[in-house]
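So, here come the structures, one by one.
Here come two complexes built around subunit A, the first alongside subunit B, the second alongside subunit C.
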Partner chain A sequence: MPHRTFFWFFFPSGLAMLLFIGLPIISSFFQSLHIEPEQILMEVEKCDPFGCKTETKVDIEATTKLQEEQPLGRFNGLGTYGDRNHLAFDEIKEAWTNSSSIAEFTDILLNLPFYKALLFTLTFCFTVTPPVVVLGFIVALSVNTITKSLKGPTIFGVILPMIVTPLIGSLVLFWMIDAKGILGSFIQFLFDDPNLSLKSSSQLTWITLIIYGIWHNTPFAFVVFYAALQTVPQDPIEAAIIDGASRYERVRHIVIPHLYPVATFIILICLMDNFRVLEPIIGFAAEGVAQSLSWMIYNDLRSENKMLFGSAGATSMLTIIGVAILLTPVLIRTWREFRTER
Partner chain B sequence: MKKLLIALLFTFVSTSAYAGGHSPCGVTDGSIKILANEFTTYRIFMDEVKSCAGPSADFSVTHSVDHNKLQVAALSANPAEFSAKLVTNGSITTLMNDNLIRPLNDLVAKYGSALQDNQKIVIDGKIYAIAFMANAQHLWYRESILNDLGIAVPSTYEEVIAAAEKIKASGKMANPYAGAFKSGWNLGQEFVNMYLGHGGDFFKAGTAEVSVNNAKGVAALNMLKRLTEVSNPDFLTQDTNAVKEEWESGNVALMHIWNSGAASLLDDEGDQAIKADTRLAPSPSVGGGSKPATTLWWDGFGIATNTSDENAEASFRALLGAATSTEMANANPNATIWLIDGYSPGDTAGPVVDAANRGATPYPSLPYMSLLHGALSTELVEFLQGNESAEKALADVEAAYVAKATEQGFL
Partner chain C sequence: MESKINRYSKQLILINSFFILAWLIVSVFPFIWTFWGSFKVKADFFSRADWMFAVTGVNTLIETGDTSTVKAYVESWTEGEFWKATMNTIIITVSVVTISLFLGTLGAYALSRSTYKYTFWILIAALIFRAMPHITLVSGYLFPFFQLNVWGILPTTIIVLVAINQPFTLWLLYSFFKTVPKELDESALIDGCSYFQAFRFVIMPVMWPGVVTAGLFSMMLAYNDFTVTSLLLNQQNYTMVPKINAYLGTIEHSGNYMWAVSSVVSATAPLFMIIMFFQRQLISGLTAGAVKG
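Up next is the complex of A and B:
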């Protein structure tokens, strides 16, 4: 394709990306460098059904004036990035000097909100993605072999988890795994323990979330693999059959090498998606034991008080950096393959 | 002759309705959009608001348990997404901080002749909200179960735990106690109750400097821990509505939830045997203190700053009509404690009045309290799961609060 054609072809989506992704990122970055202006407090008399008393309140006029002078807030540089609710440099330094063992240091580190969230996010990413790729591939292979008349309904059934909105899907499962729900009581029966509850311990909640993640993401891998399977050349397969290769050998030596680039693509998208996990945490009411980076952003903007734009902006930037780091190895690899193919 | 009679009757009715200044009901101009919490009493109140607004009004209400999470974003927009918000002494502070609700003095002067003085929430000489009900968390128990086992109604949390352990040992119930321990606002509120019950102060007097990491804080946390040990193991996922369901399913014999829960627990739906066995008791004290470990709340409404004067007036009129409706209050005497003139309290009012008499404090309405409540919401979970000491959990709460309060400009 000539460069000129490519440019005009790409221009509309490039413009949309710049407007709706690029500019908001830049804006979040600027916001993350600022904190709210100082709140001016005053003592006032306050009366309610329980009586009158003197209480502290924000002096709205004075504070509004300050806000108008500095609409972005006070410049804080990278201060928000380093505070306790984010990278927590001071706390880590202190923990490093004061802790006697690596285990103690890790304990302190993983008690800090950002690192706690990072641990869950990474665990979720790396335990969900591989099974999704493997399962998606197996399901695609199986669906590919069934008779034509059954294919349609089967495909619909298989991609159902992806069609169901994540929040709804997780809520439905949340009720099913309740101690009195169908899955919850079955598990109690299976392990013969009437007090077993999937919601009560952090480990079991993590496992539930991960299983949900696999259930929800597998259809995506399936769809891509299934489409790619249609492009596998028939000649080498027929040749292999004549040579007496078993089904396993044909898959291992012809199909898998053919689908390899597709698998890289699926891994890339899955890692990126899973790094931003949020809905299942809300749906499973798992905020207490499993927090992700996205959940931290959500919580900063949706807690009971004024929205913490600076804090949310900083976490967003760190998430973007996280995604970039995560994808680098895969991207480098793809680039190398691209070069060698040339 | 007949026509004349009807005309006369009509005049009579309309003059009596207009007797007390302008009548608030029958709104025709402006739109009314209300954001409110989700529980039965609010539903009753909103039905009255809707009927007051009249059939020709542009009326809508959004009930959500996440109302407090939505309020700032929804009311900051200009024009705001909602023209009015049902507020409490907990949520009004956040809206006041950002100047998101407007003074109501003019509207009260025009329409508010039926209001009682204690319904007006006056801050620095201006009316910012109109209260219509009072609420508090207190103890609920199943009479037959306590009687069968010879347990007296607990008046302290130490007795609550002893009673719960006895019920557990008897094999009647596996998890006899329930409280709203869902991680998030509910869990924070449980700590607020228990800490105030121990006589604690959240802040150093007159400053935004937090101080909860002390002996009282540790005692409060340990008491919560002991309560969760006699609760359903899923306690971290149960909010008030989930606890009410547990109660109605007969899984719980003791619980500490809102007085307004009576509206759904004592209605004609659900297991009537459990309803007949449900009793209300004062909120227990704790740690040898005399104050009950609970907080007093008022519920009322505020009108958005960022909405047109026309919408503000329409919303105010409809809400005021309900907030002064003696008929609604007396038709639902047990739904809550109405602050409305002419209301005669039902049988369920006792525990809230008792809490007020025994010196329970209203929920603190300090501008930085919601930040502390937010920190409590997330940082106490690990302690309750047994992964962290009480001191460590409270130190985490303080550190999380300091980071947030610094960013918000309070420190």
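Up next is the complex of A and C:
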């Protein structure tokens, strides 16, 4: 296809991606270099019959004027990246010199907002993914063996958690595990503790979120494994049966090796998708104890009168770096596939 | 595919059926429970006394005179203005699907037929774009949109969702067009068609299976989106998902928790119906490319 024709075919799609995916990343970066203008304070003398007092007040007029002149705020360089809410260099340095043990240092470190969010995001990513892969595989194996007529409805039922948006999915579960909901009361009954609530402690909330993550992501792993199972060659399996291999041995030595590439694909996609976890935190109302990087950005942008563009931009950039690290293996894989294709 | 010597033993079938049944309950029961509970009052759905109340509807009987009620639905749709959110969702979903398929088919066709090296780099770039968390993009949109005064309205959100959706649509349709034999449109070109004519008269009639799959994913993205719609739309223009979140959050509606429950049912029911029809396309799409929507 000549360059010119290609250009016209691709132009609309390319333009849309450039304008609304490429540019925002640059715009985010640009924002992160700026910081909101400080409010201009003025001293007002207030007099009443008992004497005069000076009060500091926000000079609204001057502040608005400044905001109009510099809507993005003043230039701050990389300052936002190093402040307390992001990488917090000063605080870390201080903690490093002041704390007596590694444990104390990590404790201080993990109470800084950015590192706290990073810890949750990574914990979520890496605890959800392995069970998802294992469960997805087992479910795929077992759906594969049931009667053909039942397969359709079963698959439909299994993929439901994946279809609904994470916010709705987490709400549905949240209502059930509420202390007054069915699962909540069941758990109370099970542990014989009428005051037990999954919302009460941070560990329990984290576990709930992780269970939700597994529930939501397993269908995806299932679907991909299920499709891959259809491509497992039958001859080696039959040969193995003749040689007297048990079912377990056949799965272990023929099916699983065949599915390795698929499994790495699922792991990578799962890690990448869970790295942006946001909606479950909102759905489970877990903002207090579990913050993710995405949630930090959302929180900066949520308030309508004072959005922290600089802070959100900086967190976005740091998140993108995280995604880039996770994405590298995917890119290498795609590159290899392309090379072999040509 | 099952060969005769590969029979399953009775125990295995039993264990297997049991496992599948258990797993089905885990994935489906929450939705059935919510559906059933949406016809009860709050005192039943969140019952301090006994969870069985949510099944039997004791308080619902006391409060409304019947064991089930559609009060929450009626109120959320009228007073809660859920009808408006539904309208917005329909407008956004239909527009996003149409526009992204239009752009996507043209772009992906070109990518699949060009033999130059840059197509590879474009696809890699699309893969990187696909991996960007939506919230980081939104943080880049807000400031310029405020300055340009286009924040809060539906068209902006539609364009943004189309753009966010493009990388995945491109990859999906690219791998689909790769399976359409090249000879088909090449013969049309030899016969004197232009590339566009070849696309219009030769490719378009055979591309529908791929388009349905890509459309399904575009639909799910637009219908399910929370991050973009909740931050780029103003309260009056909210779509269903941010609207449900708004029911939960604001003090104004705090008494009407059941609005959220019934709206969750209203929002998921149509989606489930569509998926039931197009399940096969959905699964083929998930397994086709190297990416997921």
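Everything that follows uses one rule, which is that the second predicted complex is superposed on the first by the 266 of 342 C-alpha atoms of A that agree within 3 Å, B and C clash if a C-alpha of one lies under 4 Å from a C-alpha of the other, contacts with A are read in each partner's own complex, and residues count from 1 in each chain.
Here, a residue touches a chain if its C-beta (ideal position, glycine included) is under 8 Å from a C-beta of that chain, and two chains touch if they have at least 3 such contacts.
Everything quoted here is computed from the prediction, not taken from an experiment.
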| item | value |
| --- | --- |
| First, second, both or neither for A:267, with subunit B first and subunit C second | neither |
| Superposition-derived comparison: subunit B or subunit C, residues of subunit A touched | C |
| Touching partner for A:307 - first (subunit B), second (subunit C), both, neither | both |
| Subunit B versus subunit C as contact partner of A:74, first or second or both or neither | first |
| Partner chain in contact with A:230 - subunit B first, subunit C second, else both or neither | second |
| Contacts of A:134 with subunit B and subunit C, given as first, second, both or neither | neither |
| Partner chain in contact with A:251 - subunit B first, subunit C second, else both or neither | neither |
| Which superposed partner A:289 touches (first subunit B, second subunit C, both, neither) | first |
| Touching partner for A:5 - first (subunit B), second (subunit C), both, neither | second |
| Contacts of A:187 with subunit B and subunit C, given as first, second, both or neither | neither |
| Residues of subunit A that lie at the interface with subunit B and also at the interface with subunit C | 178, 301-302, 307 |
| Subunit A-touching residues of subunit B, taken from the complex the two chains share | 66, 68-70, 72-73, 89, 91, 93-94, 96-99, 118-125, 131, 134, 174, 182-185, 187, 206, 208, 232-237, 296, 298, 339, 356, 362, 365-367, 370-371, 373-374, 377-378, 381-382, 385, 387-388, 392, 396, 399-400, 402-404, 406-410 |
| Residue ranges of subunit C touching subunit A (in the complex, touch as defined) | 1, 3, 5-6, 8, 12-13, 16-17, 19-20, 23-24, 26-28, 30-31, 33-34, 37, 45-48, 50-51, 54, 102-104, 106-107, 109-111, 113-116, 120, 122-129, 131-144, 146-147, 159-160, 162-164, 166-167, 170, 195, 199, 220, 223-227, 231, 241, 244-245, 248, 260-261, 264, 267-268, 271-272, 275-276, 279, 282-283, 286-287, 290-292 |
| Complex contact set, residues of subunit A against subunit C | 1, 3, 5-6, 9-10, 12-14, 16-17, 19-28, 31, 71-72, 138-139, 142-143, 145-146, 152, 154-161, 163-168, 171-173, 175-176, 178, 180-182, 185-186, 215, 219-220, 223-224, 226-228, 230, 234, 237-238, 241-242, 247, 265, 269, 272-273, 275-276, 278-279, 282, 294, 297-298, 300-302, 307, 309, 312-313, 315-317, 319-320, 323, 326-327, 330-331, 333-335, 337-338 |
| Residue numbers on subunit A that touch subunit B, as the complex places them | 35-39, 41, 44-50, 52, 55-58, 60, 64, 73-74, 80, 83-85, 91, 111, 113, 178-179, 194-195, 197, 199-202, 284-289, 291, 299, 301-308, 310-311 |
